[in-house]
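A, B, C and D label the chains in the order they appear, each numbered from 1.
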Amino acid sequence: MKAAIAGASGYAGGELLRLLLSHPGIEIGALTAGSNAGSVLGAHQPHLAPLADRPLLATTPDNLRGHDLVFLALPHGQSAAVAEELGDDTLVVDCGADFRLADPAAWEHFYGGAHAGTWPYGLPELPGQRERLRAARRIAVPGCYPTSVTLAMFPAFAAGLVEPDVVVVAASGTSGAGRAPKPNLLGSEVMGSVSAYGVGGVHRHTPEMEQNLSPLAGEPVTVSFTPVLAPMSRGILATCTAPAKPGVTSGALREAYELATKDEPFLRLLPEGHWPATSMTLGANTAALQITLDERAGRVVAVIAIDNLTKGTAGGAIQSANLALGLPEELGLPLNGVAP
Amino acid sequence: MKAAIAGASGYAGGELLRLLLSHPGIEIGALTAGSNAGSVLGAHQPHLAPLADRPLLATTPDNLRGHDLVFLALPHGQSAAVAEELGDDTLVVDCGADFRLADPAAWEHFYGGAHAGTWPYGLPELPGQRERLRAARRIAVPGCYPTSVTLAMFPAFAAGLVEPDVVVVAASGTSGAGRAPKPNLLGSEVMGSVSAYGVGGVHRHTPEMEQNLSPLAGEPVTVSFTPVLAPMSRGILATCTAPAKPGVTSGALREAYELATKDEPFLRLLPEGHWPATSMTLGANTAALQITLDERAGRVVAVIAIDNLTKGTAGGAIQSANLALGLPEELGLPLNGVAP
Amino acid sequence: MKAAIAGASGYAGGELLRLLLSHPGIEIGALTAGSNAGSVLGAHQPHLAPLADRPLLATTPDNLRGHDLVFLALPHGQSAAVAEELGDDTLVVDCGADFRLADPAAWEHFYGGAHAGTWPYGLPELPGQRERLRAARRIAVPGCYPTSVTLAMFPAFAAGLVEPDVVVVAASGTSGAGRAPKPNLLGSEVMGSVSAYGVGGVHRHTPEMEQNLSPLAGEPVTVSFTPVLAPMSRGILATCTAPAKPGVTSGALREAYELATKDEPFLRLLPEGHWPATSMTLGANTAALQITLDERAGRVVAVIAIDNLTKGTAGGAIQSANLALGLPEELGLPLNGVAP
Amino acid sequence: MKAAIAGASGYAGGELLRLLLSHPGIEIGALTAGSNAGSVLGAHQPHLAPLADRPLLATTPDNLRGHDLVFLALPHGQSAAVAEELGDDTLVVDCGADFRLADPAAWEHFYGGAHAGTWPYGLPELPGQRERLRAARRIAVPGCYPTSVTLAMFPAFAAGLVEPDVVVVAASGTSGAGRAPKPNLLGSEVMGSVSAYGVGGVHRHTPEMEQNLSPLAGEPVTVSFTPVLAPMSRGILATCTAPAKPGVTSGALREAYELATKDEPFLRLLPEGHWPATSMTLGANTAALQITLDERAGRVVAVIAIDNLTKGTAGGAIQSANLALGLPEELGLPLNGVAP
């Protein structure tokens, strides 16, 4: 199998390439870029030594054709035009937001402009979703925050343990904001400082979380979501809490999470008393998860750590692509992090 | 006025000294320490150049007597014995937890052992508290997390805008965990990583938050509190959310916070659209605050940044001491942070 | 005395303002900016709470006139045009490079373009320089790296202890690279990484170091200078080494440094066995210094820590301005750092 | 092939295990520890999800016997006793210092106590060394700093381009100092700060650098070495400079380095104009290298980046073990880093 990567000079593109370099079933084909086209990959991804001399082509359908699969890591709004030109014999995996939301109204409210459509959602752990992905030729990779929050809360909703009123505060490393230089993302600004942004229901990942959890709840789930920028390059730590339904016990909670995670290769429910740190999952496709019942406050609290670029983007994309290509789901995806 | 500092070799002690070095109304007297007694301050606080040669005495009542005020920055459980030996003509300001909680049952549940008592609570911004502090000879400095959460939420409760069911996720720098070396606080472990700890209603600062907010709410307030360790030395960013009461509007919310903060020298409600970062308050006694109404989720969200060592400990201690000593409340306390 | 600050929205400008806010002899006047003119200071320096609403004017001579002193914190090449329009009754302190070098050939080689001229060099600790600054109406503030290297090595050269062949490797925080957003300065790039740049005698601060040290050596001093970018916002740690002259002893070395630093308010020779860390000087106008004689290698090694924005730029600027204004040299300048 | 790891709960042990998890030719056998024996690996290395439940045995010869190879990652001084009990049919690879130095006098001067002996030195890139390692049953893994400095300078000495008077300043991440909790290694102390230590010819890695370079120079090489602690968990950036011999040109220098590196799988001479950053090599067994001739100062400057735990310890250990086991040298060793 041969894969092209559109957007190879950005952070998502770089992580796709890092993972594909040790993927035994996928060969790296054409690399394309926007304004960086014409240079070599080594100028932008100097950590990818084996690919340093690879040229960056322009992101055009012609340059992407002739591959078994194409990963799109493009700015929002650019995927549809490229994907249209690629036939159904090509698996197209979009790391952008364009095809994530099913509800055109939510799209228009949060992103603006016309809704491009909806592709199968690349989160194999969602109940029922793995089968859909096996048959997919188009895949919408989830957002990094929705990946973390959905993985943290789906067992509670699937087991009917919590009310549909979720509060999430999630700290993210700066790579989630991408590689375009902005003053507030300078090292001088972010080192030694934690800051909030997109507060009060305005972050674009909010409707995606609700879309994932509502079907499991059997009723509309509302998420109050606050993203926080933390002084690290990678990682998301999401704290997710919802009121426990009457009569829910610690034992029932743990049982539900054990059941939901025991056959999932990338979900790791930590031993009781251990809480997630993003360093546990740095560079890994694993999510580290822990839950507790706060009896005083009557709430279930789930904390999850992922690497926003791996499980949250590129690793998740490859995991879904493996399924769609008929490969073992775990192929080429690291289970262990890089620490300390 | 002359102040002794007990626990001068720790982080709270060091911050007290840093602030007192530029306080025009308080002179630095005896410095004491536990196991570091016998060495000079410069061996532990090399940033405090002007005090480098000051000797560290043992923490005994004899060494602390003869000062107008004594700051205690001791491990929990050691303050009562020292304070008893200091007469009422000495102002004693305790940066530890021993005298913060009014409810002996809460003390026993969260700290264990016998409750030492309750001293006037050193948070001048709490309605009615400033007057109490003016007459105090003993002051219990609030915990760093409770300082942040109380300052973020008291205006909403005082104005009757939110339900008494608060969810807090607060990211803290590592200095909040103190200076005793533990494996999980090594730089190698904390750099590049965010982690959760004390999740599910077990953190000792939880009852203190509830104690502060319940009287304003006129009913028991429950706080679901999750502390998070962030890769920075200083700072707390607390995200606090509670359901909005029916009919609450954005305008009413902003008005309540403007009213509550406009005469407070250290509370800074940011202009609309700007959100707090801990770097805004590094080394300052200021709290930077912003609020919004999430109409989709029906919740008020308040985000606050403080420096855990300044406004959250040593600066707050001096602010209350200023009041008790009849000095201007703002004397010697920096309003601006050190950035970038 | 009233000071205008040109370039108030950058890092040097912000640090000047932070220091001037607690300077008892200088009042803050007009603030100007380039592309940020028209906005308020709070949009760019949110840590400077007391100045949040101050408007940023355009950087024109008209807006800067009518002040006792003007600090210029402008991109290289812009200072001369502004300074020409300000009369000699105004003290002009230039934090840029334009007037630092005496040798037009060195200027042309390292900066290119025409040499603007030479102003009195704002490093009071250089032997003889303090008197020159007392009479100055124009001051060229040294570069941050030359400040560190000159302060580390001048005692050795003044005492004739080393050969004129210096090797310097200096690690700097990212604020030294300024606030203009560049991809390589993004937090995602700099966190968790140390990198070299400007290697091999090409960094513009190299001739300035040689200009400072050569007169003390009585012969041309050559500096091999390698700057290194470290994952922190502030601080320079410079390791400076030169061959010891024959017969030099540890004792003679220490004596020379004690003599050179004992009356200097901002030079702090650490006790033997203690080595500098940049955290000792964060936000302070102090330089922390230590030296040793490596007898195996026959070299003197001097290590110095400064805050690049304080002693390395804004604090050094104010120190020299104090002298030129007839104020006490130390007025308004912090001796202690902010740590941890 | 089956490998035991002694010292599995430390940083070197953890990195050995991370790499062995994806090594196709070596299976992970017994894990042993000192004071952590009796617990499971997951309590100490939570990032190594697949090994979380593995028990930690006591570090005894009995527990290490019966493996094809044994990696020792023990505190200095403990390797000899263990190795003696393992027969010559077992390959023993010591990540500690005990068997690195050939000169007993150097050992006694820098480490104290009796010299344990000398084992084949595990740096395959040293001219002639690869063949020696193919026949070795005992291997002394180089120190992390000597690995970086030797790789940076051996081509210059081998080609006779520099004088034997080297100055090195190397910044290291904190993991190089190990996992034992010490106050100066706390996150609060190291974040936001660069500091020097072991200055003036006293660092234990100094004689090892000289031992490696002197034979290539054909005369005794002296190294002035200053280690610097940087605020990051991993990585070494070493700046190495020596006087150029008369007549050396830029072209000759580059040619020598191209020749010395072109067949080395893990040495990567960067394209001209690009300088190393430690992030290029994070988690990789690669060294990123660049050189220049500073004609003004008459010096060759070489800058190198490695990951101290990978190429600097565990990766280097596995590379040498591969050779001794008759496996391909590069087997199981990542060529690309994890970035950003």
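Methods note: contacts are C-beta pairs under 8 Å (C-beta built on N, C-alpha and C of every residue); 3 or more make two chains touch, one makes a residue touch a chain.
Molecules present, by chain and UniProt name: A, B, C, D = N-acetyl-gamma-glutamyl-phosphate reductase.
Because the structure is a prediction, the values reported are computed rather than measured.
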item: Maximum centroid distance from chain A, chain identifier (CA atoms); value: C
item: Interface copy of B-D among A-C, A-B or A-D, judged by whether over half of the contact pairs recur; value: A-C
item: Between chain B and chain C, centroid-to-centroid distance (C-alpha), Å; value: 35
item: Chain A and chain C: spacing of chain centres that average the CA atoms, whole Å; value: 45
item: Multi-partner residues of chain C (each touching 2 or more other chains); value: 11, 175, 186, 188-189, 191-192, 231-234, 277, 279, 282, 339-340
item: Chain contact graph, described as a line, ring, star, complete graph or other shape; value: complete
item: In the complex, chain A residues that touch chain D; value: 11, 14, 18, 21-22, 42, 45-52, 175, 191-192, 233-234, 268, 270-271, 274, 277, 279-284, 286, 288, 334-340
item: Chain D contact footprint on chain C (complex, rising order); value: 165, 167, 169, 171, 186, 188-189, 191-197, 199-201, 206, 222-224, 226, 228, 230-235, 237, 239, 241, 275-279, 282, 290, 292-299, 301, 303, 305, 339-340
item: Complex contact set, residues of chain B against chain D; value: 11, 173-175, 177, 179, 181-183, 185-192, 231-233
